[in-house]
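The following pair of complexes shares a single chain, chain A, combined with chain B in the former and chain C in the latter.
And then the complex of A and B:
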């Protein structure tokens, strides 16, 4: 197909866009045609790199060579590519019967964000930006390896968003990469706007409670995961990356663990796991111990609990569910509310409701303590996705305990471990005890 | 040896401390339990060595795989079915024992069916997991429960109420001839190794099993046996110890943690032993399920593209266990466990002979291939 026909086709394709501009420059037997979308092209760049030089050039041949020499230059492969690149912010130049694409995209979202989901005291305070290229630049500048590979895909039938698959060719497991590629091919959603969406689309399950990918906004975490042989996915316009395959323990580590001294990070880790266990088991333990087997605790404690429940008209599991319900509402509300109002919500919810509920003896004092302890310890879990799963699991454990008592709680907990062990994340076991051995050779196989 | 191998042995050993094994031993406390224990420790360690050596020679092969190669079909199918039954009963005994324990000590108002179904429901889907995942589960749950078990044993040994004179008294009965029942009960502690029948598929690399590994297992098992038998005697005295239904429960109830939020060790003991029982049932039923797969080729039964075959045994497992939960009482359970342990002595003696037979045939087959 000749260049003229291509231009005609492009014109037809982009006619509905009323921002499509066609500029014809003709001066001193030099001739150039420019096509671009006004809103996505950096006009300063266009002015400085094309239009001004155009008037200074001596011949058309010089202009052609100049355009080819520009770093923004890219080869034209097909007319579909031209259309896509024009929509992405490229300029199509027509010189001497040849077509050239020049990347002059204007992006206002390439500022690097501050971390606000995974905040740390030590280490970098900067997160990813909304711009894919800036993010890849961030990764490249922190990971100097020639084996770092990046593949691009366009996903989402309607919005054709750019997805990047990033991995270290020497470290990544090839079967994991294959699974991700084939599953990404199968994704046929209309609109893709976020990496965390891919978490759902790629895991091949209708219902899943646990995240199969770890979401992160920290470049240092991405680097750490790449070096560990994980595959990182990025979507343009989304400041969060996802890394996979994951194991359960990934969700319990923060980047700060590497920045503290050994003993301190050990202490913090213990604290975190204690928080996990507490937020998971404490409400159910209360139900089991008050309603089924109060004699488990020492007599004084059992009496204190019973004494605090005097006047409470509910059975223990209704009491727990009642208080947890309000706590969950408060959590949800404080995410949605504007920052200025959320302080009020927490005061009203936490302080006033808490005191009033015990004074009205709708819940015992100990129950209020437990609920607040649970709320606090949920926040100790460093990765937000896991915290959400734990919140749901907690309810399941309460249900099991209400039906089967303390033995149900213990067995439910073990069954939960079993379920996690049975889960797969892209072909890797989700929960398993990893040990570091001197020789890398495993003495067992796979069964 | 791989650490997963030790878990298999250890779980079987420790799981039975709480069940009928100590009760059987204590029942024959004047008729040769001590000598049976010594004999069982020796024979058990030898048995473990033989079985481990045998499966080390065939890395990654399960017993049904080997039998398929070496025996006729009329023998293979009924025999594997019998194995499946034995493993199912082993799991069932642990299940019923624990259901009785829970109703006796933790939730007396709850119907026995409800208690039983708690245990069954938590375990049953785990039996369908792949063998490697079963082993990973074992590792994690062991890691959680074992420190506490060790702590309880430590509390028992350091307790003021433990009277060593009783223990010495009991040890004097070493001169009695060993008896079958005590010996069977003791030997059962060592039979964790036979789970290799299926779990050997996980150990695809050749393992090294030397005398020091065997010695380690021997020492651990002797300590377990010693604790199982002598600690209850130390707490409760030697005379009339045979009257106790659950010797170890009564023993753990004699221990107090004065400054902890839970004062009676009994509850910690039962709830954490529940974890070990959970693992024991999981292992046994998983092996049983795998045997059934070999007999009936369950994984080939499909319905609308889904492999439904593997879940077919589940209703039977649940139904039969619930039936026995309703029908049995503690005395019958005690008798049945005793009978089961005794029959295992003969059963596994025969299997040991079978193993030698398989080894010869495999050797011949290998030689035939070389020529």
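And then the complex of A and C:
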């Protein structure tokens, strides 16, 4: 197909876009045709790198060589590629019966964000940006290894968003990579806007309670995961990356664990696991112990609990569900609300509601303490996705405990562990404790 | 595949109704229970209903800060059997009687003398919600009086009596602590006799006194140990962790505070069914009170005086026990554990041998300080 025909085809294809511009420059026996989409092309760059030199050039041949020498120059492969690249912000130049693509894309979202999901005291305070290229640039500048490979895909039938698969060729497990590639191929969604969406689309189970990928906005975590042999996925326009395969214990670590001294990070880890257990089990323990086996309490405690429940009209499990319901509402509300209002919401919800509920004896004092303790300990879980899973899970545990008492709780917990053991993340066991295998010298999953 | 799915659905459909029929533990909110703190068992005046049960019940309060005074409710009932009495008691209360938190069982002195302990024990052991780790004691003059008494300075929600037996409260050398499980073992096992502390309620002074104990000898009237013997028993059985022992010898009179007690014993079998009780006790401590001026150089001399005094104490106690045929320390168990069953003496032979046993007692005292810096 000749170049003229291609141009004709492109013209037809892009006709519906009323921003499509065709510029014909003709001066002193030099001739160039430029095609581009006005809104995605950096006009300063176009002016400085093409239009000004064009009038200074002596011959058309020189111009052609000049264009080819530009770093933004890209080889033309097919007309479909041309169409796609034009939409991405390339300029198509037609010189001497040849087509050239020049990458002059304009991006206003390449500012690096401040961390606000995974905030730490130590370490970098900068997160990823919304721009894929900036993000890859961030990763490359922090990971100097020739084995770092990046594959690009266009996903989303309608919006054709760019997805990048990033991994260290020498460290990655090839079967994991294969699974990710094949599953990504199978994704046929209309619109892809976020990496976390992929968490669902790449998962072959219909209902899954636990995340199979870990979401992160911190470049240091990405680097750490890459070095551990994980595969990182990035979507253009999304400031969060996902890393996979993961183990359960990945969700209980923060990057700061590496930045503290050993004992301090050990202490923090203990604290975190205590928080996990507490937020998972405390409501069910309350139900089980108060309603089935009050013997397990100390005498004074049993009497205090019994005394504080005097006048409460509900059974213990209704009481727990009732208070947890309000707590969940509060949590959910404070996420959606603008920052200025959310402080008020927590005060009204937490303090006033809590006091009022006990005054009206809708719930016991002890219950309010338990719900607050549960709420606080849920926040201790460092990765948000896991905190969400735990929130759902503890309702299930309350259910079994209300039916079968402490024995039910033990069984329920046992079932949970069995489920976790059964689970795998892209072929890797989910509840693996130590992922470092000495003979293979791999260290994935240590993040 | 659809077949399998159908099966699963059918299975779930059947399973769910079956599960709802299952009766697990009973769901009962904590405020619908009433907690028993002390069980008292007495002999009643009624001939047909010989047992009298008295229960001390906690009255729950939401905040002990608002009501620091101890509040209890009491229930009392006679019955032909213990279960019958408790069944009647349940009809007196609007809430379920929960025995899981009862920590102390008091047996009336009269009942104890009637040799009915094993009957009571049977009930206590069979009932699942009575904890085997509860303490058991004898109430003087009666269990009811002890149960119903609230001593001076008692805290809410924690009967003062518990502190006597628990390690966290007083550490008196005169208090014998007997758990229900231990009591049962001593009662059923040959060669060791149970010891029960006696709780005396002093009504006028509003406090309890626990410094004596009963040794239950098979088929005999229980023998009351005096305070001194109770203390000696506590030291020899290592029940007490600290003790004060006074010495009055060779013109010296001092009291030693012993903070490390170690006591071992062994039965040595000799010819002609003769046995020797070999005891080895080590006491480490310091002098806490003295009439005379003491010198640090002479500490080993004081230790020797103390040893002689200790030997006298312990020998007195053992001789007395041998005379009445009581074996609270468990020499018989030690003998049984050493000798094969076909070579053992019969029970009568053993009793005879025990009564005439030779006592070989060694006390190693080590007084570390005179208690004063010179």
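By definition in this document, the second predicted complex is superposed on the first by the 434 of 447 C-alpha atoms of A that agree within 3 Å, B and C clash if a C-alpha of one lies under 4 Å from a C-alpha of the other, contacts with A are read in each partner's own complex, and residues count from 1 in each chain.
Note that in this section a contact is a pair of C-beta atoms (placed from the backbone, for glycine too) under 8 Å apart; a residue touches a chain by one contact, two chains touch by 3 or more.
The structure displayed is predicted, hence computed values, not measured ones.
Engineer: Quick one: classify A:402 as touching chain B (first), chain C (second), both or neither.
Structural biologist: In the superposition, A:402 touches chain C alone.
Engineer: After the superposition on A, what does A:303 contact: first (chain B), second (chain C), both or neither?
Structural biologist: It touches chain C, and chain B stays clear.
Engineer: Given the touch rule stated above, what does A:73 touch, chain B (first), chain C (second), both, or neither?
Structural biologist: Touch status of A:73: no partner.
Engineer: Pick one for A:20: touches chain B only (first), chain C only (second), both, or neither.
Structural biologist: After superposing on A, A:20 lies clear of both chain B and chain C.
Engineer: Between chain B and chain C, whom does A:431 touch in the aligned arrangement: first, second, both, or neither?
Structural biologist: First partner only.
Engineer: Pick one for A:417: touches chain B only (first), chain C only (second), both, or neither.
Structural biologist: Once the two structures are laid over each other on A, A:417 reaches chain B alone.
Engineer: For A:294, select first, second, both or neither according to whether it touches chain B, chain C, the two together, or no partner.
Structural biologist: second
Engineer: Same chain A residues contacting chain B and chain C, which ones?
Structural biologist: The overlap between the chain B and chain C interfaces on chain A comprises residues 292-293, 295, 299, 403-405, 407-408.
Engineer: What residues on chain A touch chain C, complex-wise?
Structural biologist: Answer in residue numbers: 290-295, 299-300, 302-310, 312, 315-316, 364-365, 402-405, 407-408.
Engineer: What residues on chain B touch chain A, complex-wise?
Structural biologist: Contact set of chain B toward chain A: 1-2, 4, 60, 102, 106-107, 110, 114-115, 118-119, 121-123, 125-126, 129-133, 136-137, 139-141, 143, 199, 201-205, 207, 260-264, 267, 271-272, 274-275, 278, 282.
Engineer: In the complex, go through chain C and note every residue touching chain A.
Structural biologist: Residues in contact with chain A: 24-31, 33, 35, 37, 58, 60-64, 98, 100-101, 103, 129, 131, 157-158.
Engineer: List the residues on chain A that touch chain B in their complex, please.
Structural biologist: 292-293, 295-299, 301, 403-408, 410-412, 414-415, 417-418, 421-422, 429, 431-433, 441-447
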